[in-house]
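Shared between the two complexes below is chain A, which pairs with chain B and chain C, respectively.
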Partner chain A sequence: MKATFPHLLHLDIALGVLYPALGVEIITPPPITQKTIEIGVKLAPQNACFPLKVTLANFIEGIELGADTIFMAGGVGPCRFGYYGQIQRIILEDLGYNVNFVLLDHPRYGIRPFIRALQAMAGGRVLSSRVIKVASLAWKILRFSEELETERRALRAQVKNRQQLDEIVEGALEQLRQVNNGESLQAIQEATRKKLNSLERKEIEDLIKVGIVGEIYIAQETKINFNVEKILGDLGAYVHNSVSTVEYVLHTLPFTHSQEKLEAWKLAKPYLKRFVGGEGIDTVGSTIRYAQQGFDGVIHLYPFTCMPEVVAKSILTTVSKDYDLPILHLAIDEHSGEAGLVTRVEAFVDVLERRKKLNKRKLEVS
Partner chain B sequence: MKVGIPRGLLFYRFYALWKTFLEELGAEVVTSPPTNKNIIQQGLTYAVEEICFPAKVFLGHALYLKDRVDLLFIPRVVSFHRKEYNCPKILALPDLARNLFSIPGERIIDDEINMREEGMRGWQKGFLNIGKHFTTKESKIMKALQLAEKAYKEYQTNLKQGILPEDLIDHKNPLPLRERKIVLLGHTYLLSDSYINMNIAKKVNDLNYSVITPDMVEEEKKRYYLSTIPKPSFWTISNEIIGSALYHLKERKAEVRGFIHLVSFECGPDSLVGELIERLLKREKESLPYLRLEIDEHTGEAGLVTRLEAFVDMMEWRYKNIESHVSSFASS
Partner chain C sequence: MDLYLGVDVGSVTTKFVLMDEGKNILASCYLRTSGDPIEALKEGLRYIEKHFPHDGEIKGVGSTGSARHLAGIVVGADIVKNEITAHAIAAITRVPEVRTVFEIGGQDSKLIIIRDGVVEDFAMNTVCAAGTGSFLEHQAVRLNVPIEEFGKLALRAEQAVRIAGRCTVFAESDMIHKQQLGFGKPEIVKGLCEALVRNFINNLATGKTIEDPIVFQGGVAANEGIVQAFRDFFQGKKKIIVPPEHGVMGAWGAAILALEYAPEKTSFSGFEVISRQFESRSFNCEDCPNACEIVILKEEEDIKALWGSRCGKWTPATVRKRWEEKESSEEPLQREEESLVEG
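Our next item is the complex of A and B:
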């Protein structure tokens, strides 16, 4: 068995440590490029949301490298993500690919298929002490890879040498791929934190703070969203991203929950009374949280026609008014162009800077 | 008390039920008029551009009623089938109206009807909460619900006979029955609003075909054929569409000549389910022609008619050729 899986930011690093340790041979799909997008667009339904197209192309590129098995997660709705696997499988079948599609669906669709899928993904037994040990290491790696990106977003505008920042983060991510025990991970963590702390900072008055909210795939996958966070950082903005795979997994697993998400849901209640699938309610809640924390603006990233995010967008118009918070909505799909996106982000940052100056002057006068 | 029911989305499914229920509780029920240009315009002005056309139309209707009634009736119909959902836009419908029009929360009846986990208990709980806006007596509410369910059954029976929801609601004369049929797939709210679907049922009828909608297929049949695919979707209405498509495919009647799937451009569920149906139809050895028509506020009537006519021509040509082929084969 040679298994392939979809990309999602640095998920491949954690899985690349997890599976070999479990004795499962994996084939990491090649990094997402324009060609990947073209494959997905050609084969997927025209009006399907963008992540379906890109992940389908990941599978195909993985199969071309020799994969014969696909690992994919399912869901119970009402967001379309839960039905991706079914559509992708039927498309691959019709294309004549003879692959084993292992779909980890919610136990709601039958506890047996769930355990069988989990077993297949864990290379045999689910609950051996070795599986638990390796899984927890992979989990820590995923967490640290997200922490690295959090640091990079926050620091980009503040450090004197951005290239150095990138080198440290990229270097650490590369090193993570070689981790095989807790000690080597800890060593990387300590060394990287030290390096990041020693970076020379600029003195910045009135640092613009921008929050990112939106759909889990588009808001995180920098290869698809034109690396909006880098554009923002280069323009001199401190960036925080509320979307995280770690929090998503914590919230989806039956016995854990994400404090961050619970808090966001509570904040969203006055505007959106219930969960509407995907990250719809998180988007609303996180935007309110950013407003309360004094962020200057929010960027909302989502796939074009994403149902939960379109609901969130409708509701954010009111949130924006009530909290006097500028929000830039960016719908991403295969038709999005980089130049147009950069122009919009630049204009948005200009607005935020101007607003900040005006507000300050107002405060000084009064 | 005047209660307004916007004429859109689930209205076409539950109108008989909602109206009877509210009237039994002493409310004066007001519905918005059939969709017109003005209502659409209002919807387009307020809704975000990316939401689906039927949702925009719904918002237009809600806005029409806003200042004409005391209470707007926009229940949050999370689910009307066990283990299934409605789409996120329907789940958030009262919130959308409240936020976009800045209506105070207490002017909208937005109680949740959710059969996903609890089945009938969730259904009754929902209506009990709605009833409490009008009376404190639970027995009165349950009695109203019973009568409402009876009216709903009657409405469904009429639909099964082949009458379109709009004709039932507005007491219009049904279209003449044609011998040959086209299966018209799609969400009830799209198939039933003749203004937004450019009167497709009539246009098909003028071409000498009657339509069969998912509403006209027995519930058990739809559910049976749905269960034959590996994993049904989690959207009730889309599941009914899959079920009726497969029913017509597998229990083929001679008068059924083809499938038309009417979808709104930004419909999330149909973007996947439409693909699934198309592929399942293609896999069948002797399948029937399939046409997917996408509709939104920019759709032109002329374009739609042309595609419809071309499709019917192709369908007839194909039917004749396959027929002659079969007969010649049989005689030799």
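Our next item is the complex of A and C:
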């Protein structure tokens, strides 16, 4: 068995450590490029969600490198994410690819099939102590890879030398690929934190703070969302992203929960009581949290025509008024142009800066 | 006299404004970019130089528009700003109590919501051509009506035909259909104006509260048919102002931003730029499947700037190094020339 899987930010690093240790041979799909997008757009139904198209292309590029098995996680309806895996399996079949499609559906669709799929993904092994040990190392790697990006988002606007920041983060991510035990991970963590702390900072008075909310794939995958967080950082904004694979997994697994998500759901309650699929509720809740934490603005990233996010979008209009918080909605798909997106993000940062100055003046006057 | 220069380079048109300290426009021009922004920039500078007061001195330069970075380097801008901010600031300067800005240019359209003199919200349409000036021009050609006459013709219509204008393709076929039904040109033109207005509102204004006064600017604001269609859309209940300088608001905004920014010493390149030899070239990077198109702005052998590298590997230094390597390698130079497409 040679398995391939979809990219999602740095997921491949953690899986690249996990699977070989389990004795499962994997083929990491090539990084997402323009070519990947073109393949997905060509082969998927035109009105499918953009993330489905890109992940489908990951599989195809993985198959071209010799993969015969696909690992995919399924989402929960009512939105189309609930069908991603099924549709992709059928498309691959129709294209004549003879592959084994292992779909890890949400446990709410049955705990047995969930465990069975999990087992298939673990190379048929039962949950031995060794498996648990390896899985927990991979988990820590995933966490740290997210932490690195959190740092990068927060620091980009504040450090004097952005290139140095990128080099530290990229370097650490590369090193993570070689980790094989807890000690080597810890060494990387400590060394990286030290390097990040020693970066020279600028003195900035009113740092603009921008939060990112939205759909799990588009809001995280910088190769698809035109790296909005980098654009923001380069424009001088402190950025925080509320969307995280770690939190998603914690929220999805039957025996764990995500504190962050529970909190967001609670905050969203006055506006949205029913589950609308995907990250609809999280988007609303996280936006409210950003408002309460004093962020200056929020950017909402989602796939064009994504139903839960379109529901969230209309609710956010009210949230924006209630909390006096500017929100920029960016729907992304294969037709999105970089120039238009950059212009809007720049204009948004201008709005936030002017507002901040004005509010400050108002405070001084009163 | 202290003067400020604003430049707005879009893919369809290029605009220049020369402004004094009191934000009064002394000279302005509106040119076709015609796919050659560098030439358009030089032509604009020539015009400004001709109208330049003897005792004038440029104290600041601002650039905006989709080619704002290129313009910023060629002209030497102190501040490079996006079109939304530039258009908003010009509208606020012209009509301080403005609450909404409609901007329809050749390549895109914008809606800006302003409250208390600050931008509160905005929307921009770059994808759908049905809400832009190109749509009108295209249809004008089809109908064999000079674009300048378009607006006047619309005003002559006794009634309008409804043209399904959700997108250019539909609009076109529906227009032909209505022509075959025997509707006259004025009616059809009026129908097109109304379709464009509907598109603009549907694409940009959903979920937003349009309050007046509305400032309508951009090249299309010169079209009386569209202005009337907007008035009709709001049933005459909203005040719509078309400022006399509607065509150059972006450039004016850029000049105002330069004035506000107040650089100690301007980076203005001077009018000598007109005779300098800039050249923009591009090549496709083949180092990964992204196949980025790298656009290089050169002056003689000097690489001034470059854009388009997604991974950031291309800088003036790395491009020069690559060129040198290629020159010294066995590989015939010819290949290099082939991959260099004149931009």
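Please note the rule applied: the second predicted complex is superposed on the first by the 353 of 366 C-alpha atoms of A that agree within 3 Å, B and C clash if a C-alpha of one lies under 4 Å from a C-alpha of the other, contacts with A are read in each partner's own complex, and residues count from 1 in each chain.
What we mean here is this: a residue touches a chain if its C-beta (ideal position, glycine included) is under 8 Å from a C-beta of that chain, and two chains touch if they have at least 3 such contacts.
Treat the numbers as computed from the prediction; the structure is a model and nothing was measured.
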Superposed partners chain B and chain C on chain A - clash or fit: fit
Contacts of A:271 with chain B and chain C, given as first, second, both or neither: first
First, second, both or neither for A:90, with chain B first and chain C second: first
Which superposed partner A:326 touches (first chain B, second chain C, both, neither): second
Partner chain(s) touched by A:305 [first = chain B, second = chain C, both, neither]: first
A:36 touches, of chain B and chain C: first, second, both or neither? second
First (chain B), second (chain C), both or neither touched by A:346: second
Winner by number of chain A residues touched, once chain B and chain C are compared: B
Partner chain in contact with A:358 - chain B first, chain C second, else both or neither: second
C-alpha centroid angle, chain C to chain B via chain A, nearest 10°: 80
Partner chain in contact with A:47 - chain B first, chain C second, else both or neither: first
Partner chain(s) touched by A:108 [first = chain B, second = chain C, both, neither]: first
Least Cα gap, in Å, left between chain B and chain C after the two complexes are fitted on chain A: 5
Overlap of the chain B and chain C footprints on chain A, listed as residue numbers: 314, 317
Residues of chain A defined as touching chain C within the complex: 30-31, 33-36, 314, 317, 326, 335, 337, 339-340, 342-344, 346-347, 350-351, 354-355, 358
Chain A-facing residues of chain B, complex: 47-48, 50-51, 76, 78, 83-89, 91-92, 94-96, 99-100, 102, 110, 112, 230-231, 233-235, 265-272, 274-276, 279, 282-283, 294
Chain A residues within the chain B interface of the complex: 45-49, 52, 74, 76-80, 82-83, 86-87, 89-91, 94, 105, 108-109, 271-278, 280, 304-308, 310-311, 313-315, 317-318, 331
Complex contact set, residues of chain C against chain A: 66, 81-85, 108, 116, 118-122, 124, 126-127, 207, 288-291
